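The two complexes that follow have chain A in common; it is paired with chain B in the first and with chain C in the second.
The block that comes next holds the complex of A and B.
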């Protein structure tokens, strides 16, 4: 096996990276588990407050203990009764035992029950919100990346009026905070002109389903959130690509190619390919992190998605939901990074060459 | 050739945006919920729905406890917050007897599966709280001895606990407890081995068996939709055989007050209970409130600043009364809550509405401290031996006590992001510092705010004691603030009397508070009742256990008449200011008419069903 890997440096590179990613995964899961719990808050307090009861304290304490036991936060005996200390207080479970319980349940595919959205399962919450998040994020990131990079490369190559117009616009759009642009769009196109709906993901009069009417409605509601993210992504990508291309234009290979009289389209392709590598890494990271949701867009447009679920989970110490969401984000970011590593290893001749040299 | 690509992209993008921007609304035929058959309500559901189980701790709209929504399940009685009277719902009538409350059920009341509502169902529902202490219903059982179902199947006697007779708590329970079908719940519970926690995990999100006029249509993270039951038993009893005008009642789930406000202005929402600042600016968009001028809403709750009585200097009555005199109440009313409050008066009785008869202006003037009077505030501080130290520019450096030691800064805790409360806290801090009290704001994440209140980890803390308007008011507000029944020292949790006022084991214990709290619920003679309330309120004014700073409505009743008309207002108060899914507000659904169809009104305006 070792000799086989030695004979295949690219595979060796991939296996080596995979090992590191597995290690990173376990560390990330442990950190994600421990960090929210360091605050020493009692997540059931929020649940009790939400019930807004006028309960007498004895009844309220009984309810609280029942929930603490259900979420594995206090010790229970074999009969399911809460174990108490000498002072009559429930004995809290230790962090390591909570972690073991979490790992063992997660390994069986059980992410647990949300505390704040009790009795909804974490997997159900993520499953319902994720399609909206992906539908909003994936096209904006991909379209924004393509359009931004294309515009950046063209601006760098042709300069002139095109660059003088595009560059300040890209600077402006990339500098506008997302919430600011979102609010402006809502105010102008949603409230004043009433061209687009200001809030929601689809017509309130519809039930989500695979019908043409629903798709049309969702597309109509999609425009403002989509544009609010797209404009910013395009600006960022265009500026980054423009700088990279200007750098590439000054390199010897471009000058040499020009002197050789190679067609400008081919030169642009060479340049684009080289300038694209860091942009590609950025794209993969953005795609990996997109499952975290577009929080600001969700909040401004009251758009469905995972971002707000994560925020409210963190605010309310909803441990199972935090762990479920961070697990998803961790897995996606690591997979995206791994894919970039593999792709760069396969595509970039310099990296292939470096592995060959190492041998 | 190369330049054509961006041109194409631009063209493609522009056409996409233009295509989407041609104001193409979804066709009426595409709508599951046609607009003129759907009433959209808002302001109760702030996150994705998780359960519609009335036995869960925190079920979602329209099964949530506290606001007595009665679309799916119904209560025996419904409380009219305008008149302070109980009105019939599942119960035809009720009578408070010396040792019991007797309820007679509507003969025609039926569950959605056609089975009649019997005394047995009522007894079974309430008995659940006796057996399962984790249920909210358990809170009424210390005040009940037993429940007797009449042999006729239609009358029920709630026998009061002899040791602690308190019909008020039982009346509260009668108007907030959903009556459940025994023939459904009992076998379900038995199939779960009698485990109520397991039963509480069931979502009841399909067409569950209730008595209400609507049932579940569909729900998602974005909305909860209910559909009318045409065979609702109450159509004949209350509405002359007519059905509710709205076929659907839908609650969209938005993520902030602003979204509810925008939706109201756009006519996408018909009624909402959400805080909309400066509502008069939204009038031109058709948004209205109960009143057409300040305070716009009918107040029924009293937010207070809880004071920690286990700490210095807040355990000193002079310090507390100085704070009460120092607060600039008018600024809070005008600046923090958009004028949505009547002027604040001393004591824990609302000086208007059905509680107003227990309020005495004479007592307030004589004993009260909740008036802005900086001179008396400084006098109280001086009487307590407190001395402010002022800087060269008139700013407060610190406060010293009688011994010359620095009095520690008192912090006012409030949840971050509750903008009206944040503004109120800033005004309170400014007011207190102006008279020489070293106070500061401390805004907390909600996850820290609630435990701080329960464990007593605060100097001053904003909260609203017993906020729901119920028949036990104002007694239950007094009880929530003053009860020593489950008193616990700081660090241990309590859910009432968060300030740990009137420690029964402390030398300064005033037993008269407890005596009056126990006595008032048993009184029936109006004169005796008035005297007792006056005495209790005077004690509150003198001891200042909490600081009142504003009044607020139970529901911010706002409506838009762009699609539906016929909403009650203060000028036409045929129903109380409640969203049409809550309490008597539900009856609005029979009275509203789509705009342009006013001739089809089912009932003449002003008709009380």
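The block that comes next holds the complex of A and C.
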């Protein structure tokens, strides 16, 4: 295995990166486990506070023990009954054993039960919300990335009026915070002009499905959130690509190609390919930032995705749902970063070599 | 070089915008009567001569709220920016200069936290810190989660400086690591670190606004994000009360935009690769 890896630098690069990301994943899981438990809020107390009003003390205690067992806070025997100590009180589990339980359940895709929407499963809630977020974010980021890179490269190459108009606009759009643009769009086009629906994902009373009426309604609601993210992504990417291309234009190979009289379009292609590499990392960053962007954008547009799920979870202190969503988001970011690392390694031999040398 | 900076129009525009907001934040309370404790009228009153930007959903003067919010946001930005810059610079400088095992450890830790989304960590932290979520604590948390990319960038620069002759000379002369890092490496990176500080300040302000917008803002203060959160939660958009959210939105945008263009104009002057 070792000698085989040594003979294949590309493979070694991929294996090395994969190992590193597995390590990062465990740290992320630990962070996800520890942070919500820093405060003294406890899911069982919260559920009980809601249930207590109409329960007598015996049923209340039974209910509380059932919840304690459900959230893994007390020891349970194989039959599912709560284990008691000499005084008849349930034996609480230690934090490390709770952590092991959390990891093994999460690995099986079981993210626990929501407090706010008890007894719905967290995975069920996420499963409903995720397609909306993906449908909104992925096309926006990919389209924005392509358009932005194209505009940036053209601005760097043609300069002149094109650059002088495009650059300040791109600067402005990349600096506008996502939520500011969202709020203004909702107010102007949603409420004042009433061109597009201001909030929501589809018309009230419609059942999500693949019917023509539903798709039409959903795409009508899609416009404003789509534009609000797209504008910002295009601005970001255009600025990054522009400065990359300005750098590439100053390099010797471009000057030499120009001296040789190679066709302009061909030089642009060479340049584009070289400047593209760091922009791939930019794509990973955009996908990572998709989370934050999704949260705020979906909150402002009340879009029924993951961001809105996290928001309602935050407002209701629904810890299992919050950490379920954040875990999923972290995993997506890690996978995106891993893919980009591998892609960049495949495209750029220098990175492969440096990684191999570091091992 | 500085002459080139002062001649750049985008630098001038950025500075004018930024120092304009800074002046409002610093001297606003001296010039105007700022009162966010008392109701001065009904909910969502239109802008008038008495209350230039109307009132919020509780009937509190909007101008007062905005000045208070602006002060809080700038405070968070500077504090978070300083923490992130100092932490990142120290870790990056030390790791880059030392190299070897320490550098490997610091780089791994940096890269690890670079991939875990900051906003997620902040959401988890702020939602568990139900009580005690003060403005200062939020700023410190933001600073402690965003230092990573400063560290990575500074490390790259400092490890390229460690093999320079003057650093070797200092080492031969028996100066300690601290002395060499502070007096022989840091000065070369100052302009760069200053630009990083500007960006970190901008991102600190935006991050605080995002957290507050989600309803996880400070309990002890008003901030621009919190004004927006209250406005959205209390139907200001549907009621057409533009004065409750448009000025706050514009202020956040102006601060972020001015800091970004100050940064890019400095970069185009200090970074010869971008000159043409």
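The working rule: the second predicted complex is superposed on the first by the 286 of 359 C-alpha atoms of A that agree within 3 Å, B and C clash if a C-alpha of one lies under 4 Å from a C-alpha of the other, contacts with A are read in each partner's own complex, and residues count from 1 in each chain.
Rule of thumb we're sticking to: a residue touches a chain if its C-beta (ideal position, glycine included) is under 8 Å from a C-beta of that chain, and two chains touch if they have at least 3 such contacts.
Only a predicted model underlies this, so the values are computations on that prediction, with no experimental measurement involved.
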item	value
Partner chain in contact with A:129 - chain B first, chain C second, else both or neither	first
First (chain B), second (chain C), both or neither touched by A:45	first
Which of chain B and chain C A:315 touches, first, second, both or neither	both
Partner chain in contact with A:154 - chain B first, chain C second, else both or neither	first
First, second, both or neither for A:252, with chain B first and chain C second	neither
In the superposition, chain B vs chain C on chain A residues touched	B
Contacts of A:326 with chain B and chain C, given as first, second, both or neither	second
Which superposed partner A:299 touches (first chain B, second chain C, both, neither)	both
Set of chain A residues, in rising order, touched by both chain B and chain C	39, 41, 186, 190-191, 198, 299, 315, 317
Complex contact set, residues of chain A against chain C	20-21, 23-24, 27-28, 31-32, 35-39, 41, 168, 171-172, 174-177, 179-180, 183-184, 186-187, 190-192, 198, 239, 243, 246-247, 249-250, 288, 291-292, 295-296, 299-300, 310-311, 314-315, 317, 319, 322-323, 326, 329-330, 333-334, 337
Chain A partner contacts - residues on chain B that touch it in the complex	1-3, 5-6, 9, 13, 17, 20-21, 23-27, 30-35, 38, 40, 47-48, 50-51, 56-58, 65-66, 133-134, 136, 138-139, 142, 197, 200-203, 218, 220-223, 225, 250, 252, 254-256, 259, 262-263, 265-266, 268, 445-448, 450-451, 454, 466-468, 476, 480, 485-486, 488, 493-496
Residues of chain C that touch chain A when the two form their complex	10, 111-112, 115-121, 123-125, 127-130, 206, 209-210, 213-216, 228, 232, 237-238, 240, 242, 245-246, 249-250, 252-253, 256-257, 260-261, 264, 273-274, 276
Of all residues in chain A, those that touch chain B in their complex	39, 41-43, 45-64, 66-67, 70, 113-114, 116-120, 125, 128-129, 147, 150-151, 154, 158, 186, 189-191, 194-208, 211, 213-214, 216-217, 219-220, 222-223, 227, 264-265, 268, 298-299, 302, 304, 308-309, 312, 315-317
